[in-house]
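First subunit A sits with subunit B, and in the next complex the same chain sits with subunit C.
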Partner chain A sequence: MTVAGYHIRLQRRTNLPGWKAALFSILAILFGLFLFSLIFWQAGQSPREIYKQIFGYAFFNSYGLRLTINRFIFLAFASYAFIIPYRAGLWNIGMPGQLYLGALAAFGVVYLLGGKTGEMTASQPVVITLMVLAALLAGALIGGIAGFLKGKWNVNEIVVTMMLNFIAFNLVAFMIKDGGPFMNLGGRGESFELPEAARAPLIAGFPYTLILVILLMIAIYLLFARMSLGYQIRAFGKNPPAARYAGVNPFWISVLVFLLGGALAGLAGYHYFAAVPGVYKIARTYGYFGDLSFYGMICGLISLGNPIATLFVALLFGGLSIGGRSAQGKLHLGFGVDYALMGMLMISLVAFQFFYHYQILITKQATPATARQYE
Partner chain B sequence: MLAFLIRSLEAAMIFTFAGLGELVDQRSGVLNVGLEGIMLFGATLGFIAAQTTGSYLVGFLVGIGIGALLGLLHGFFSITLGVDQVVSGMGIWIFGFGMTTYIGNPYTGPLGLERLPTWFGISPFFFLAIIMVAVVWFLLNKTGWGLSIRSVGEQPSVAEVSGLKVARIRYLCVIFGGVMAGFAGAVYGLYYNPVWNYNFLMGWGFISLALVFFSMWNPYLLFGGAVLFGLLWQLSLNPQMFFPGLASRYIWRMVPFAMTILVLILISSKWFRSRWGATTPEALGKPYYKE
Partner chain C sequence: MPRTRDAEPIELHGDIWKHIQPGEVILDARGITKRYPGGVLANDHIDFKIRAGEIHAILGENGAGKTTLMSILFGLLQPDEGEIYVRGLKVNFRSPEDAIKMGIGMVHQHRKLVPAHTVLENILLGHPKSRGVINVKEAEEEIEAIAQRYGFRVDPRARVWQLTEGEKQVVEIVKALYRGAKILILDEPTSALTPVETERLLESIETMTQEALGVVPFITHKLPMVLAISDQVTILRRGRVVDRLETAKATEQILAQKMVGRPVIFDLQKPDVTPGKPVIQVENLSARNNKGVIALKNASFTVREGEILGVAGVAGNGQHELAETLMGLRPAEGGRILFEGQDITHRSILDRWKLGLGYTPAERTEVGSIGDFTLVENVAMNYYFDKRYNHAGFLDYGGLRQLTEQIIEDFDVATPGPDVKIQTLSGGNLQKIILGRVLSRQPKLVIANLPAQGLDVGATEFVQRKLLEARSNQAAVILISEDLDEILSLSDWIAPMYEGEIVDIIPAAEARKDLIGAMIAGLHREN
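Then we have the complex of A and B:
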């Protein structure tokens, strides 16, 4: 195509330097935010004012910041849960189901120790360690189902994890509603409240799970950058047949990445229902947190599976969804602004995928003869 | 019992509509995992349009229109821009999920229009579904168009050399897939379950996607699978008909999803594949670059 003497053409990229990938991701986020501002614009608000309000509440208001950090921790776990299978070329969209089961298992530990009826005598460190282990295990088990089926019979993991989400959703309802074993005795369709000893300790006002997020980031970074297992996962993700010839066992890789991903999503469930101050129960609206975990998919994709970059994106999105909710309340907008944000960011991300694969070359048109050659 | 059967067949017709579109789509080599998102959009916007105008016709047209647009969008991403088709499909699903939750929320509740008429208790759409199955089978297997679609899905470079416009054919198929998904969503939201609630499609888009894999890309098998799924779904919604008083309703609600997984395992097994002859379109999911 030629415009005003300049020749414009597309070229497929063979490789993409890291800083350029980061730039495109940032542009994708900015474009998503622009799309999102259209909602407020349609409601008669200037985007500048709105973003001032959203960011002001999410990051510069002490109450809002607390909510942001709590949501950030949740999104970080959910993103890790997506990233690990994603690096192996597999899609984990089962974060909701995995986190529901993680939460159920953590509450199950307290229930078995007599925490529902107030007879729990175990000490806080013991209870909390058991809860975390249970959450990891339960998430890993349900995640592992998808990995096992993928590895063994090549069953489509997207459909399986989606179906498992619905199964887990109903399992939670069974446990906490209609006289289920975890039901709150007040009968409000939510689970019993955790006793003091089962609540996560706070460090400087934030749940200790924040430290887990940082440690896991380092662990995942090392896994992919330094360890042979991480290398195998990446090789399998890039080119499964070649990896197989190189001695990578596809079955084990599928199972392993889903076990790890599921376990991390289980932690997300543990975090929101057992570690966030003021919650400490499986809320009636637990489905909302399941939906939120799809932000993890966006974080993982936009950071190209890099655990360090993911953290920044998760912090940003956590803040945006909290700030968006607050702005929604103030402006009396419809419910679900944070859902709309999720949709906008995702579609913008997909559109920007183009730049990861192509570059636009603009050259000054030289002599007519060479120009004709291009056309 | 009759009501139970009719309800199952009506569920089957929705799976069939969505699945047929996806089948043609995949036959041309484009995978669209965003079926759920398109159906959600068709259901939600169709519902809103029908409720505000009071006309079913407008509702269905809006559902079809938004489906075509989203199909076009998927085509633009995956054919023109060369984006990974799974990423694009996932994007369309999350886009649909997020936006319809926001847009539809003020309309939560029943549609409030007179029910659509039925023939002897069953929706006329069911017969339309059967006709569509035959038409799609005929088009794909007995006509020149079908041959073009299939060859584009098997060996796009060869098809291009023999004079077919790969991109154009794929675009048409993706838009057809979008139209069918949007229509299936509208039938769901306007007829099958005319009470809007957020994410009220409950994964039917993903089930339709699973059905396409089940069908080995054969419309008749797709229809058979859809009827099977419709029966299983209704059975698990009405367990008291066959197993009175057994287990909680929440446990029963898990059954259709568990069934879907079991059926998926069965159809992914070597035994099933070799029995029916796997005919996965060769170029499925691979973007085609014109050299």
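Then we have the complex of A and C:
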């Protein structure tokens, strides 16, 4: 394309340094916020006031920040659960089901130890360790079903994980609602409340699961950047026939990534229902958290499967979902504004990924004389 | 639906091809220049003329700019600079459709046909006449008339998947001619044909030129073919025309030297190697192809240390299934494979790598490499399990990087460095990395599936030398090739394959090219 003697064209990038990718993401966020401010402005609201309310509450208000961090931890686990299969070219859409089962298993441990009836005698470290292990295991098992079917008979993993979500959703309903073994004695459609010894300890006001998030980020980073297993997963994700040629076992990779992904989603369930202060039960609204876990998929996709970048995206969306809801109430904004804003940012982030692959070159139009100088 | 965008110039010059005189310039490309991202000059002010009734070969290595030039002539790419004139009329092709309407036809190296459809349907597909009701009878007659005129044998009602590569090529040519092509661009026209088919094709091309058509074959490495058919040769190197000459004045040596830029040794020195003990013994091995049909039937042979077994055959005669079954990529349906006396018929692919088998697949981009990975990561494909580079599950990327640099040096790979994505490499360099990676493991058995296919003269020579080197180092080599000259010059034993069977195993000293040519064409079975 030529404009006023300048030649504008697109060129495919051959590589992209990490800092540039980060810069484009920040620009994308600013651009998305700018676009959305037009909507606020159109509605007669001051964008500045609204953003101040959203970000101020989400990140600079001590109460809001705690809510944000709790969401963030949840989203981070859900993102990891998506990323690991994603790097193998497989789509885990089963985070809701996996986290429901993770939560059920954690509560199951307490139930078996007599925690529902207040007869639990086991010490806090033992109970919590068992709860975490149970959540990991249960998530891994339900996730592993999809991996097994994929590896053995090439059954579409998206369909399997989605269908398992419905089964898990109804299993939770069976367990916690009227007459279910985990039913709250008050019968409010919730599970029993965890006894003191089964509640996750807080560190500086935040659940200890925050540390797990950081440790897992390092572990996943090392897995893909340094380890043979991560290499095999990546090779399989980029080119399955080539990976097979190189001796990678497609069956085991499929099973393994779904075991790992499911286990991490199980942790998300454990975190929200057993570690967030003030919850400590499988809430009546557990379906909402199932839906929220799909944001893990979005975080994973926006960050292109990079576990470090994912955390920033998860923090942003965790904050926006908290801050947006608060601003909506405080400033009497329309219903769903928080989700609309998150949607706008997602679109903007995805659109800006264009610049990961292309750069725009503007040169003065080449004449035959100048062109020859290139040589 | 009418397409107003390009309807105008085409309608206007519909009669451009009337009254052609032999020898008249029918296509004139001037100063064609194309620059790719990263500043690579693929075509640098290329001037190129073709006259009516002329076969004008364009010769050049991979990456010399041939593909770019032909894509420009066929409207797939637009040049940054330069002009193209067809019969003196300046043209500006925005798409192949424009080029086709101006009488330019192209036959791709990788045939672009719909396998499930008939020949007739493929020829009509996308043809302007096929919009609306098709007069099948009339079309069939027209196609048969074209085929007869140029001596092609084609059954319009046959299904494409049943055809051989040579027959598919004929379909592509007839398709182009049916659309009124006056200038026919052929990309590597004989690369997949048997000697018999090649001869037949060349005869038809001769006939075409008598009707004042221009034919432009693009060729990377079959120099004897250039000499046999063309009138003129234009040689490209690094995007520039290095020479234009009449074929009558050229020899293979001259062409090769100009193309590569240095003298090329044609007679590979095959050192004397004393064969050692058997490395691989194959007994009655059978396997199915992807359609589930038995495509490898009771193959039996032995290859010893320091020997090359050349498996000759036209594509689709079971060689591919043989290679994949040996490497474990395809299950054996019957028979067994002994590797150093050990039965490996049911061992995993990884086990075979670890035992000392090495395989370079024919599908270099689909199977042999991972385009989105760097060179280092691609080299890791054969080393991620190796104790030298895998310490307790962690890969030694530093060591792998050194290894990659070593391979780049030893195999003379042209690349900016070991950290670029492998998809940026040209075909020849990609093959060098794959071969280098496999040979660096010093495998006891090398299975090389079409190792030099599509490579230019220089890279072909290099790859062949490396295979001979492996042989000198006491490796057993199974070389699968469709190029009989290659088979004859490298092998110690030759196994021609036809329809899944090894017809015979002949010591190289007693092999005759015509006899092997007949065997792989199925003409020699009863004897």
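The working rule: the second predicted complex is superposed on the first by the 330 of 375 C-alpha atoms of A that agree within 3 Å, B and C clash if a C-alpha of one lies under 4 Å from a C-alpha of the other, contacts with A are read in each partner's own complex, and residues count from 1 in each chain.
We take it that contacts are C-beta pairs under 8 Å (C-beta built on N, C-alpha and C of every residue); 3 or more make two chains touch, one makes a residue touch a chain.
No experiment lies behind these values; they were computed from the predicted model shown.
Of the two partner chains placed by superposition, only subunit B is touched by A:Ala351; subunit C is not.
Of the two partner chains, subunit C is the only one touched by A:Gly247; subunit B is not. In the superposed model, A:Arg12 lies in contact with both subunit B and subunit C. Judged by the touch definition given at the top, the superposed model places A:Tyr231 against subunit C, while subunit B stays out of reach. In the superposition on chain A, A:Trp41 makes contact with neither subunit B nor subunit C. Partner contacting the larger number of subunit A residues, of subunit B and subunit C: B. In the superposition on chain A, A:Ala173 makes contact with subunit B only, not with subunit C. In the superposition on chain A, A:Asn239 makes contact with subunit C only, not with subunit B. Across the two superposed structures, the residue set of subunit A contacted by subunit B and also by subunit C is 12.
Subunit C contributes residues 33, 35, 37-39, 41, 44, 80-81, 327, 329, 348-350, 352-353, 359, 361, 363, 366-373, 377, 380-382, 384-385, 390, 393-395, 397, 420-421, 424 to its touches with subunit A in the complex.
Put simply, subunit B touches subunit A in their complex at residues 33, 77, 81-84, 86-88, 90-92, 94-99, 101-103, 105-106, 198-199, 202-203, 206-207, 209-210, 213, 248-251, 253-254, 257-258, 260-261, 264-265, 268-269, 289.
Within the complex, the subunit A residues that touch subunit B are 12, 39, 91, 93, 149, 153-156, 158-160, 162-167, 170-171, 173-174, 177-178, 180, 291, 294, 297-298, 301, 334-337, 339-344, 346-347, 349-351, 353-354, 357-358. Within the complex formed with subunit C, the residues of subunit A that make contact are 11-12, 14-15, 226-229, 231-232, 234-235, 238-239, 241-249, 366, 368, 371, 374-375.
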